[in-house]
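Take a look at this one; I'll ask things after.
Going in written order, the chains are labelled A, B and C, and every chain counts its residues from 1.
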Amino acid sequence: MGNLGQREKRLLISPAVILLLFFTLFPFVFTLALVFGKVSFIGGKIAIQFAGVSNWVRLLHDQRFWNAVLVTLKIVGIAVTAEYCIGLVLALLLYKKPFGCGFFRVLYVVPMLLTPIAVGYTWRMIFDVGRGPITGILQRVGVNPIGWLVDPNIALYSIIITDVWQWTPFMFLLLYAGLEAIPKDYLEAADVDGATAWRKFVYVIMPLLAPPSIAALLLRSVECFKIVDIIYIMTGGGPGQATESLTLFGYNVGFRAFDLAYGATIAFSLFFMVLIAAMFFTMLTRSLRAIRLE
Amino acid sequence: MRMFRKSVVLALVVLVGLVGGAAARKYEGVTITVFTQPPPYIAKPVMMFAPDWEKATGAKINLVTAPWGELYPKMYASFGLAEALFDIVIFPAAWLPDFASAGFLVPLDEFIAKDPYIQWEDILPIYRERIVSWEGKVYAVPLDGDCHIFYYRKDALENPEYQAKFKEKYGYDLPVPPKTWKQVRDIAEFFHGWDWDGDGQVEYGVVEPRRYAGQADWCFFSRTVGYVALPGQPGGLFFDPETMEPRINSPGHVRALEDYVEIMKYGVPGMINMDSGEIRSVFAAGLAAMAIDWGDIGVISEVGEESTVRGKVGYAVLPGSDEVWDFSRGTWVKLAEPNQAGYLAFGGWVAGIAHNSKHIEAAYDFISYLSRPENSYISVTTPETGFNPYRYSHFEKLSGWIGMGFSAEAAEAYLKAIKDTIGHPNVQPDLRIPGQARYFEAVDRALSRVVAGELTPKAALDEVAKIWDQITNELGRDKQLLYYRLSLGLPPK
Amino acid sequence: MKRVLSLAAGYTVLIVWAFIVVAPLFWLITTSFKDKLDVYLGPKFIPWIDFIPTSRWWIRIFTVEKNSLLKPYANSLIIGLTSAFLSTFLGLMAAYALSRFRFRFGFMKNEDILFWIVSQRIMPPIIVVFAIFIMYQTLGLLDTHVGLIFIYTVFNLPLAVWILSNFLGQIPPSIEEAALVDGASPATILFRIVIPMLLPSLTATFLLCFVFSWNEFLFALILTYSRAQTMPILIASQHFQRGPQWWDISALATLAVLPPVAITIGLQRYFIRGLILVGK
């Protein structure tokens, strides 16, 4: 296919590349410049001075930063794992198309389609310690109300529960598609060999599901690292710092305290974290491919 | 023939002149863009009065809004353009120093002097002389008067049976209204966790905002003012007026913060997550015995549809303390009578004209229209405008309040509390120097961490003091000191 | 017997999760029919038993507040559909180019270029938000439909390229080569062979891009004021001085979920097929 002209080749790819360069490269560089500078508003005008690595030094010594890192890592680690496991179970139950699977499939997708702001408000209502339905039900069975969003030790898990509720459909869809793609003969061969469901699962299904799994984990983790909308609505980052994710931290510093250079630094630290995670998953994919080729 | 033609032409000219004169309205074809919060609060008056003004002047009002957190950055951005996106900005008075010192606003003294409608002297002095002026010039027109007052449930605190039980338990008469925060604490404890109004639901002691970015910082300062503002010693709340040293971590502030945390034991469940908006509905739904707020709880309680406490609300000046921190001596002093002070929290919403607007005259005309006595009276007595009284004339006529749904008794009590606060001899203005938003942000964060148990009050406030020093140095210590003294009504050093 | 047990267990799990999905939605929808006091003195569960439902909030949205509702709704639709279409189309072009031709931009070969494009998705929006604000301010793109369309197209482009290049990588170019030999023009190949083959993936991509644009918050918050306001911002600004207006928020959120749900139900078959080869 290589004999299509140079012109056509470039024409096909240029719009995408140009858009990306313009809208992401320039801002990226600009923000990077901010990171090594210091922004002040003197007499209403923005003044940027060079400040070397002082922002980074400040960041690494900032307990609030490390708190945000911990919060973000906890959320990503627990939520994505939970979403994967639940999504896998649901996909396994439905990929053989039992009765009613069409209905379940459509229903399960709905949470993912809601705007996160609305999801945040919904669960804020549900978790409300004075007037929420959970409290109402607990009180009827004689249990004390739980301070879902109020107790610093529990608030983070409430956020995780909300994220799991909203994004399990994402994992479910990808794993379902992955399961559907497994050639029927493999599964039938295993049945003929008299394999139990468990052995079938471990030796046939999981290996074939590995690539979609990794892709799903990668995609979802990358998105989850950026979590902010739900937290903003449900707790504002509180109580105290208990639920302040990195993005929220950056937003608070940049737009509430107007410390733009420091905000940019925080944003970049998030970028590095996500990059590392993505590279980890990509390497996993490559080594998996290498194994399969053998 | 010539005579005839001449007179026809003359008649035509006169006719055209008459018609033309009538049709040529003052600002025909001009569009004024007004920028503020989303309706109803603050934007509703704009929407209420725009149509008539448009008809009279031929101009058009284009209302643009943005959520609270976005107002400051967007206004800032608009001021920096060649041609303003927003001609009129309606903003919290606390931002006036930032905008005025940067030259973003048009000075309005000349317009006001020539304006026969605005009745500038009718505006309470503290608003027209302090809140909207900067370095001797007026930069905005007040549309709203702000102060914090204290609310309580009369049916709880004035109940003789409860008063007797209270005296038994605490050993003194239940003060109505309470005059110190210690009394508030006892009353809150007494009324916490049982059904004292007989509606089948459990009630609680207090409801106050505690949520980060939920205006809890003003609630804190309201609770602090009695501990640190001795008459005759200005500047107790924020900085030392001689050195610009932060006073935020004084023993008075620390004590107030300890109260602020302790009272939560007797607060409505979930209070830690509530912002200043939510507590209003919670109080109006009858769930708490006491609250602190601007004038909004009053309106919502007497008039709002979600209220179960119509006619049951008492209004008072903020409680204070009989132990006050004396900065000049560096010790606590005990007073015979509790020291109460008013706190002009937030300073109110004001309207300014962007320096880079192309329609300054027309913009002023609209602002004046909004602020003139008759119209502003309607604004402050209409529900959901968010505008509280700020003119003498607002306090004199009760008809508007009664028309809104207040009983005459409630209206009088409500207005009295506000007037007493604003006119209090020891009234404390809010912080009005450049960088106000940043200073307060540091406090807001500290509060949320203390309340979550992450820091002790003293440690948190010490940290805030350090941050405040950093901000002051960054903005120029001498300048900040000068501006601070001006805001307190003190002469420059 | 074992079969029946495992079947029952399976369906129990499915129903439990279905309940978990539906319960919050039930709360959301019923709250939009509650009076203010029914919310503040809650929790009230079942309509007509615990509380009397009222349709006043819905009526108000469609009459008094019609203008402030219709515009964001229309904006979200226009911006969402346009940017999804552009992302899908441009993504298709780029993915096709990358999987059928050899490129060299300096040291970057096809695989590197693809990685660079896809890695843009990794970048947290907060990094670029301020710079884009300044950029838009200078270009006069603030508060315009075009402005948001651009930024959403750009941010969904990597996703589109990834999904489509995965699928394209699986399809041998033999059919296209045969058509080329037969004398078909590149345009014919693209439109009459490639696109029909890719229809499932294209619809999956389109739907995903649309949903992301429809629900996006941060850029809409910072880059618009009123003319180009979208639904998420409208919902968020229901938080008035009286605290969150739960009933209005619930009604608006319910409205906001309808278009994505409708599109999903309509396209769900293609959606699944289109995702099948994502992981490979």
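The rule we apply is simple: contacts are C-beta pairs under 8 Å (C-beta built on N, C-alpha and C of every residue); 3 or more make two chains touch, one makes a residue touch a chain.
These numbers were taken from a predicted model, which means no experiment stands behind them.
Chemist: Measuring between mean CA coordinates, which chain is farthest from subunit C?
Modeler: B
Chemist: Could you let me know which interface, B-C or A-C, is made of more C-beta pairs in contact?
Modeler: If we tally the C-beta pairs in contact for A-C and B-C, the bigger total goes to A-C.
Chemist: Please compute the C-alpha centroid of subunit B, do the same for subunit C, then give the distance between them in whole Å.
Modeler: The computed centroid separation for subunit B versus subunit C comes out at 41 Å.
Chemist: Cα centroid separation between subunit A and subunit C, in whole Å?
Modeler: The computed centroid separation for subunit A versus subunit C comes out at 15 Å.
Chemist: Considering subunit C alone, which of its residues make contact with at least two other chains?
Modeler: In subunit C, 40-41, 236, 244 touch at least two other chains.
Chemist: Hunt down the residues of subunit B that sit against at least two other chains at once, touch-wise.
Modeler: Residues 287.
Chemist: Would you mind listing the residues of subunit A that make contact with two or more other chains?
Modeler: Correct list: empty.
Chemist: For a test of understanding, state which residues of subunit B touch subunit A in their complex under the given definition.
Modeler: Touch residues, subunit B against subunit A: 69, 73, 76, 79-80, 101-104, 211-214, 268-270, 272-273, 287, 437-438, 441-442, 448-449, 451-454, 474.
Chemist: Could you please specify the touching residues of subunit C with respect to subunit B in the complex?
Modeler: Touching subunit B from subunit C are residues 36-37, 40-41, 133, 137, 142, 221-222, 225-226, 233, 236-237, 239-244.
Chemist: What residues of subunit C sit close enough to touch subunit A in their complex?
Modeler: Touch list, subunit C to subunit A: 7, 10-11, 13-14, 17-18, 20-22, 24-25, 27-28, 31, 39-43, 45, 90-91, 93-94, 96-98, 100-103, 113, 117, 119-128, 130-132, 134-135, 150-151, 153-154, 157-158, 161, 173, 176-177, 180, 186, 211, 214-215, 217-218, 231-232, 235-236, 244, 246, 249-250, 252-253, 256-257, 260-261, 264-265, 268, 271-273, 275-280.
Chemist: For the complex, which residues does subunit A have touching subunit B?
Modeler: 40-41, 43-45, 128-130, 145, 147, 149-150, 152, 235-242, 252, 255-258
Chemist: Sort out for me which residues of subunit A touch subunit C in the complex.
Modeler: Those residues of subunit A that touch subunit C are 1-2, 4, 8-9, 12-13, 15-17, 19-20, 23-24, 26-28, 30-31, 34, 86, 89-90, 93-94, 98, 100, 104-118, 121-126, 131-133, 135-136, 165, 173-174, 176-178, 180-181, 211-216, 222, 225-226, 228-229, 233, 247, 250-251, 254, 260, 263-264, 267-268, 270-271, 274-275, 278.
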